[in-house]
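Letters A, B, C, D, E and F mark the chains as written, and numbering starts fresh at 1 in each.
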Amino acid sequence: MHLVKKIEIIANSFELAKILDSLDKSGVHGHAVIRNVAGKGLRDGAEDLDMTMLDNVYVIAFCMPDQLKSVVENIRPLLNKFGGTCYVSDVMEIRSVKCVASL
Amino acid sequence: MDTSLIVSNILNPPVLFFFLGMTAVLVKSDLEIPPPIPKLFSLYLLFAIGFKGGVELIKSGITQEVILTLAAAMLMACVVPIYTFFILKFKLDTYDSAAIAATYGSISAVTFITASAFLSELGIDYDGYMVAALALMESPAIIVGLILVNLFASEAGKQSERDFVWSEVLRDAFLNSSVFLLVGSLIIGFLTGEHGWQVLEPFTQGMFYGVLTFFLLDMGLVAARRIKDLQKTGIFLISFAILIPIVNAVIGLVIAWFIEMPKGDALLFSVLCASASYIAVPAAMRLTVPEANPSLYVSTALAVTFPFNIIVGIPIYLYGINLFWS
Amino acid sequence: MDTSLIVSNILNPPVLFFFLGMTAVLVKSDLEIPPPIPKLFSLYLLFAIGFKGGVELIKSGITQEVILTLAAAMLMACVVPIYTFFILKFKLDTYDSAAIAATYGSISAVTFITASAFLSELGIDYDGYMVAALALMESPAIIVGLILVNLFASEAGKQSERDFVWSEVLRDAFLNSSVFLLVGSLIIGFLTGEHGWQVLEPFTQGMFYGVLTFFLLDMGLVAARRIKDLQKTGIFLISFAILIPIVNAVIGLVIAWFIEMPKGDALLFSVLCASASYIAVPAAMRLTVPEANPSLYVSTALAVTFPFNIIVGIPIYLYGINLFWS
Amino acid sequence: MDTSLIVSNILNPPVLFFFLGMTAVLVKSDLEIPPPIPKLFSLYLLFAIGFKGGVELIKSGITQEVILTLAAAMLMACVVPIYTFFILKFKLDTYDSAAIAATYGSISAVTFITASAFLSELGIDYDGYMVAALALMESPAIIVGLILVNLFASEAGKQSERDFVWSEVLRDAFLNSSVFLLVGSLIIGFLTGEHGWQVLEPFTQGMFYGVLTFFLLDMGLVAARRIKDLQKTGIFLISFAILIPIVNAVIGLVIAWFIEMPKGDALLFSVLCASASYIAVPAAMRLTVPEANPSLYVSTALAVTFPFNIIVGIPIYLYGINLFWS
Amino acid sequence: MHLVKKIEIIANSFELAKILDSLDKSGVHGHAVIRNVAGKGLRDGAEDLDMTMLDNVYVIAFCMPDQLKSVVENIRPLLNKFGGTCYVSDVMEIRSVKCVASL
Amino acid sequence: MHLVKKIEIIANSFELAKILDSLDKSGVHGHAVIRNVAGKGLRDGAEDLDMTMLDNVYVIAFCMPDQLKSVVENIRPLLNKFGGTCYVSDVMEIRSVKCVASL
């Protein structure tokens, strides 16, 4: 097992393309995206998954600890501009032949 | 005033189901149309209305009337956001004003479709090319709104101005899913004509009214959920959201009268002028004017103007037409 | 007994697709109708049946027959949970007994709809106001079930009694999405009448049978997935889930005979009595009687009673009617 | 060559909406049909085509013609993966070759359905039992592909051979959701016959063309999104994905000519031979031949062969038939 | 970066309103909700996302460490009564102008 | 509060049955499954949630620390064969009457 960083981002779905770009630019090429996330933040009250397309996405990306700095630098301006939240934590990767963080 | 038109409008299934949806939220029923079903319905409605418009456009041909109508549509889509912007500036900052102005410069396809269903019920004809006007009026307000922000935003605002790319904005404005599907279906209807119409008829025509009814049930739910946001909005914006549609409808009627639109077209045109966008424009504004508060521009369009037009606006505008056209 | 009715019932597309769904689970096919499609179908069916009922209610008017029928419906909805509760108490604790009793006191709209499609096939008429009976019978059992819990629960149970708020319970019972949409559509059908019917007909009538068929495919999948739960349920509950519907149907038939319902109405009434709820009541029970085991009350209603009624119950009850009504 | 057939094919709503979907991706519109709507449409199409096939099968009966046709279908489903495997082996390893070969040995139900809609438009009849051929041709290629892997894989490959269970493979091949629903609907259509057809007609027939059109809009989106994968694929596979369908269609036509199929059946048979699976086979291959690269076998079938058949393949094959059958 | 607590709750969807209320009462105003979660717990076997509406929700809420005690006190009675699971872990928040836990 | 392990697995949806089996075999009987997860890994480029059924699932399972070894042993061969990623982290369980990891 191997220590990697888990990045969790919750943001409006229209930011998704920009977020994935930022991750990619920081060298984090793997990610998982859950759509249709309802939520409530500081900014605009409850997001009901209605016709107004104000639904959120939940993005998970696991990366090597040394990529983290670059990710934060790239993501923060997005959060500053459009809102959304980003959290980082420590997880252990179960290594497999096709494992992700090792490459 | 003769209220029979209003009553006959309210006693239609679509409007009654809109009420039912609002009631569900008010009495806290757990009724909901789970996503992405409403999305399916709205895609269907755009597909059906666009296709039908295209088929009828090929029948009428592209005449001088068509061109006049489309020019009038473009004009209104550009003028409305400008004049409303200055009204809104009395009370709100540049960002919120521009975003709301753009919302009211654009249109609501569902309001248009409800009006066209109302006309069909009453047996009043309208031309297929009104769908082209619908498509044309969706986007310009977004561009006008952004230009207003760029012109009037303070120094701090100028910073964010550098951030967005015009090519992206234009794509959002002219290629967003509603405009794209509507225009695409219109062109395909135009290309396949009467023959295409016949094979698709049970789908695009037969189910149309039912899907609209179901969809308005959902719109009732959505609109009512937004009503609590109106507290934050304040009395100024609520009055704005009722008066401006009436003003815009009247301007629309005057133009329609001048260019001698037939009755049905005149109603649809005034409804286009009176309606406000709660999908395409808000999505674009969040990306390009993140400083503006979405609950202001979404809630006024969705929780005030949309129900107003659906319930009393459409029959009132038709009443006006009946007065002057005869 | 004449088995031709059963055979003609089984050879209907809806029932055959129900079998197909069950078969898919048994042979471990990966067939599934992904959520929220089944939800869409069930909303559609409630909308269509409610609307149709309302339109027909306005034709028949609210006569003495209507009132008698509705009174009988209320009566059965209150009596069934009480008498079944005491039967269940022989083997189960108060919570499980009350929850299951409530389930069987309420109704299954899909069973009702399948029975009405069966009648249409055979060319037997039924009255639109039976839909009102359907709506009326959904909720009372929830209230009766809770009263039973409050009366019979042990000290420990009394604690949780303090926890739920009656206003919430009443809202869950009378304003849950199925009851709300059904009653709402009924009222709208009543208000718009023949005119509303005509514009919505291709949607509410034309597609009705097809959607029902598709929906029963999903119900087959759902019911079969629950079958493995029956092991935990035990032979007592399985027998209960077959015998009680028959008993209730017979009681229903007797009442129907006394108040001289026509054949079609009598079948629908006995089907209402015989069916058990697997949506509204279970949802309410989980909130208000969390001590009861959901796999007991959901699985019996869904994996035994529902298939039983759909496949053999409906034609058997009709067979009984044919014997006595002629 | 007479291009009028191609033009008349392209000017159909389904094909035009397929283009519209591809265009949406190319111009980066945000148009999308959110999941699980496309799933609903594909279930609907399988249900409708299967049911219709069953109803017509009972009319025609199981004659010698039927048996000959089904035997020809089985033959092609087994032979195509074998011969294409050896062609692919020139450039690719055993795993990729077997997976792609299986893909082309199987069929695409949507291509079949589009071809049958094209025939209906032109007023050319075809037999209901062609749906049985469709169902029969879906699975064998999976088995043949696996046998090829087992025979030709290197030592390292032999290891994974031990891993999969034949019973699971057979279930995936013969009971996967498409085959299961198609065959199930066929049987139910067969059992309920003309009577079942009448009650379901507005649903299975009336909406059919519209749903197909909508579905092809989504297929256009999906196919276009895959186009960028073709860079990795290389010129060899792209040529393969266009030439092999033509070769298979020609073989199919020759067989059809020998066993004297009528024109409509011959077209459907050649389309079955020419089409490649992008759902059932890829799913099975990922499980049983995980060494193969999915973007190779999915993208060729979806982004090259499918559009090729839909746009030019179908009318070309019909052109060939018109030449030889008259 | 700043230490905050991540609260994850998996529970039946009918508990959602009560859970969000509890969070709100404890001063945790932001949350994200993922619906249509299938699952298997101790209590009632597999939840198939079927017509019986027994599907789960997955609620994520990030909060300040000192709010945690209050959240636990409010959530536990719900879990005791209706079932469901609740887990807490440490994560680092990427601060932005519109960041959440800092307010 | 009590320390338990959180296991997160992201894999193609066709692996789901096999993954849940493995968990079950390792004595981890509770889990939650989120479907329709889009993503991008090392192996096959972006998974668009399209007709090709290449969508992912996100499986969460909380277990006792001593079950972890067995889970890893059972899951790793699956990841080796079919791809997918698995991560483990520490979380605190909020104990309730019906709590999960304690049993």
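Note that in this section a residue touches a chain if its C-beta (ideal position, glycine included) is under 8 Å from a C-beta of that chain, and two chains touch if they have at least 3 such contacts.
Computed from a predicted model, the values in this text were never measured in an experiment.
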Common touching chains of chain E and chain C | none
Give me the fewest steps it takes to get from chain D to chain E if each step has to go to a chain it touches.
-> 2
Top of the farthest list for chain A, CA-centroid basis, is C
Set A-B beside B-D; more C-beta pairs touch across B-D
So what angle, to the nearest 5 degrees, turns chain C so that its CA atoms land on those of chain D?
-> 120
Where the CA atoms of chain A average out and where those of chain C average out, how many Å apart are those spots?
-> 46
How many angstrom between the C-alpha centroids of chain F and chain D?
-> 35
Where chain B and chain C are represented by their mean Cα positions, the distance between them in whole Å | 41
At what distance in angstrom does the C-alpha mean of chain F lie from that of chain A?
-> 19
For chain B, jot down the residues that touch at least 2 other chains.
-> 35-36, 39, 202, 206-207
Residue list for chain A, restricted to those that touch at least two other chains = 34, 36, 83, 89
For this entry, which pairs of chains touch?
-> A-B, A-E, A-F, B-C, B-D, C-D, C-E, D-F, E-F
Of all residues in chain C, those that touch chain E in their complex = 35-36, 38-39, 42, 160, 163, 218-219, 221-222, 225, 229, 278-279, 282-283, 286-287, 290, 293-295, 298, 302
In the complex, chain E touches chain F at residues 8, 10, 34, 36-43, 56, 58, 72, 75-76, 79-80, 83-89
Which residues of chain E touch chain A in their complex?
-> 1, 4, 6, 20, 29-35, 60, 62, 89-100, 103
Spell out the part of chain A that touches chain B in their complex, as residue ranges.
-> 12, 14, 36, 44-45, 48-55, 81-83
Residues of chain C touching chain B in the complex | 35-36, 39-40, 43-44, 47, 51, 171, 175-177, 180-181, 184-185, 188, 191-192, 196, 199-200, 202-204, 206-207
